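First chain written, first letter: the chains are A, B, C and D, and each begins at residue 1.
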């Protein structure tokens, strides 16, 4: 176990102390399994506080499960899902959406990882609508914050949602880092989702201080009807659900969700400032949440990718252009950032 | 939260203190995600200590995931899986094996929930082997201990494994309660699995004191090759896997796995004794592990199914015959047992 | 090629001359592919003549395709389909419904292959309705005529349909031999389907004189909306659809459908009479359509199963009880029947 | 039915007279169903004559079925299939490969519809090999001739096959028009497939004069083992298979396959010559088989897309650039070609 925290991923970090306490507090006596328990009821209410009275939240294990189940619930296998070519959905789910939901993904090249109306209008062959030989677009799926560390504003999400609804489509947000997006914009969670017209959200907890736990949150009416069966059949139903629900509840009660996310975002900003001050280092994408994508000289990558104790410090995102990804977490410290920037600077001047 | 622990399910209980400690101990600094971490490496070694040098263990979230992934890894969709008609696999997975692995289940009526060679020979239409119109049996799946609280001995498992292998089939054990089976028989885990010829095991932790966590354990060579992709694609890959692995490691280091299971078994035996002493109460199945299936008079069911504080005390397993299921857990106390038996007795005499 | 027609299956026969003519007549010039052609339009109109104004018919290749697509169109993977344990659906589709539609089949033992309200009420665990751990019954699927040569009357179908609808289920008829059923009862096709409340029908042509061709026919509103995509995605969309449509149209124009089916039925009745006149031969099921299930002495089976020229004369249906299946076809002659009965009689007296 | 044959598709044409004869000849007496018949045996032998002694051919209904079944037989759902971005596989199967085989498609932009080693090396992120988060490339699928009317030579196919095998992948050819490719190159079918190292072929009959019928042909050992079950489970098993087999046999006996294809190719060449002689008309892709992709002025498209009798004359392939697709068939005549060119010329000069 490395003494120094690196920047490999926000899921390299552990569990926030307040979340640990929530788990311990939930560890009392016997409780009904499979979600019929007071902790889950409380978590569901808590989601409604944040996402509105119609929000229906269902705890699941992980992000793949949340995304696949959200998609499965609102599509049929002959549907297509529009997403960014850089999306986790198409690059990092090992084909789970295709295999489990049966859908086709339609990835669109998107600068900085953000879909726009223009990109979607250009990127989809709209002449195939109604053509029995082509999967029919039914869903736009965006990640917020994106896989490249950028953020959709409420207006941007709203425009996509409006477009989706005008074309008989729905809109899904992969919110593995939705808290980072909301914290970055200093808006409420609802502003980025419910109020912007989002239909279903994968709410991420694991990357924001949980041991594990995400939730599929239906924001529009009539979509959640048979979701319990979808969740069960796809292996995402926890028996001792209280321990996931208690974490989600703790994250969303008070301001822990925002504190953790805002802290990680601030560390990323600090990191971006510090490393771009080094000659030869530049940003590959705007730093808007908790991720920094930077171009590093090859020797710097070679010397810094792995720390002295064998831990990975970051991932190389694009080998040819020397772009690396540096993720900050709820537990990243200013010291971690400064030490890294200092080592980077040293590397340059050697 | 109920003060008195009921007998509704062994997943109504919480997390054992030693497991809690293991979780807390793992919550140090940054660690690689997705299983590339020392906790997972340790857990994998630990599984080899118990299941032999060739055992390949992969932590997953829950029992549905373990069962479906184990089956998916070693079958093709045109295969059939032989199982007991009372199995969790066919009754309680909401069709997950069919939908995800694509296979057909061939449930066979089995007294006390246990498949035998005779039942399989009788229950399967062997004339369909090689017939392109029929799913081809490829796997025998048994639960040990069974869903009806009975236990397969090593010899019984071995006979099924031998039969399976002689017929170009494999054998899978749904071991949601494998520890209870081994504890009941006072044998090692390997005696019931590896040494008996089992090919793949769903190892259960959640019902034996974990917060959550199971493992798919391949015991025969060559079956695990692409399993990491299967696990990922089916949504069972934990990012902060260390927290599942640390629990599994703690369960299997020392004798916690056996202590917890043996205790639950002992409580079930005590419960069986106590309630069958009551007039009008009889056992529906032999009590061999941590579950008691008993016939209760209707008034007793009515009065005892729910405790005063609204918690479920047990499930009615078969309404017409008045059979109820009473599960004991690692935290069931002698006092819990005696209090229930006493209330039952009171009910009868009123 | 055998000179004598046997009784192995009604799909051992060839193409009826009037169907051949329809194919040849359709073989003129260029025609739009994939169903956008006048032959398909005519066939669709023809189906409406028989099944009512709301009927939406879609030609497909074969019976597996028709059944699977019909089920897929009106279920979700967490649904269950109630069927007879003797149904083609569960015994002879190699697990296609489970794999493609993702559903679970709930086969019920049914004497003479016919489901009844009583059997369904008894055979399904209705306590699982609304239980997230169990596939939810959504469809009753019956075959008419059945796989055992029996026939549901309009009243019997109507009772099942009413029950289905009262329980938020739909009803599907596997009509691979629906023409034989209607001919046997001397009723219209609609009487057995649309008017009885059937929601969707697999209409069989292949066994009734076609080269190949079936149709999925939606009889209730709102079920066919996205069916073209279902058909395409499951590989059942013919490019030169005119050749399937022209056959279906020819079968349903005039009375060819009834002539062929009634003839096959009559031959079965004649066969049943002839062979039961032989000592030691008895019927295993009532002979109501074009199939005869008879118990034959073992020596007779041995001598008659294969004809002198190596062609299979019939299939042994149940080895232990000596039940064989004898299917009559549109081209079975009285001579074929009498010759077989005579050979059977000879066998007995030798 | 239009008197004048258009150029909309090679599946707008009917059945070649010699194929009609083969169907009629096969329509004699009773024959075993599901492929256990002399016609299918003959067809399988015939495929071996063309594709080598190890070729295992399985008749199926249509191209979607052939492609999906071929892929399903040799992949697992966590695999990816490399194909051209213009391939029928990704554009025109309504997501069937994803839904049925569960795989992910990796479409690569390919000029003139042809994949090359360079394009594949560039287009795939080889850094993901062995990464559990990414579908693993297992198959290269090319169409020959391509969807844009171009042809891979034996050397080009061989280079792709060699690359595939060197990277633990297999190679599939979508041969809906493999006869056109072989005829165009004046080579044997084996030269383009077996001898070039192809593992599995979708052999197309429908577009080359059949009523309907394709075949999945395994060319490498060990791939076909369980294919009969795959074909059945995916709904591609014909009961009266003799009628498909007899067509395939007739196509491949003598030189009908080459005659039909060469004729269509010659008509395309004649058409390309004739229309490029018209001012303002140019080719969008090389004309190497039976398809002509040409840029037409907008007024020409408007006047010619539909013929006077309401039949479609061609499809607009790319609206913005005015590219249309003109397909020639086995029954296209020189008169058809000249008449079209003449009308096009008239349009220009008006």
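Quick note on the criterion: a residue touches a chain if its C-beta (ideal position, glycine included) is under 8 Å from a C-beta of that chain, and two chains touch if they have at least 3 such contacts.
Remember, predicted model here, so these are calculated numbers, not experimental data.
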{"item": "Reference subunit A; chain at largest CA-centroid distance", "value": "C"}
{"item": "Selected pair, greater C-beta contact count between C-D and A-C", "value": "C-D"}
{"item": "Distance from the mean Cα position of subunit D to that of subunit A, given in whole angstrom", "value": "42"}
{"item": "Inter-centroid spacing, subunit D versus subunit C (mean Cα positions, whole Å)", "value": "33"}
{"item": "Distance from the mean Cα position of subunit C to that of subunit A, given in whole angstrom", "value": "50"}
{"item": "Junction residues of subunit A - those touching two or more other chains", "value": "77-78, 93-95, 99, 132-133, 135, 229, 232-233, 237"}
{"item": "Subunit D - residues contacting subunit C, complex", "value": "1-3, 5-6, 8-9, 11-15, 20, 23-24, 26-33, 38, 61-65, 68-69, 93-96, 99-100, 206-207, 211-212, 229, 232-240, 243, 311-312, 329"}
{"item": "Residue ranges of subunit B touching subunit D (in the complex, touch as defined)", "value": "34, 76-78, 132-133, 135-136, 226, 228-233, 237"}
{"item": "Subunit D residues touching subunit A - in the complex, by the definition given at the top", "value": "77-78, 80, 91-95, 98-99, 102-104, 127, 132-135, 319"}
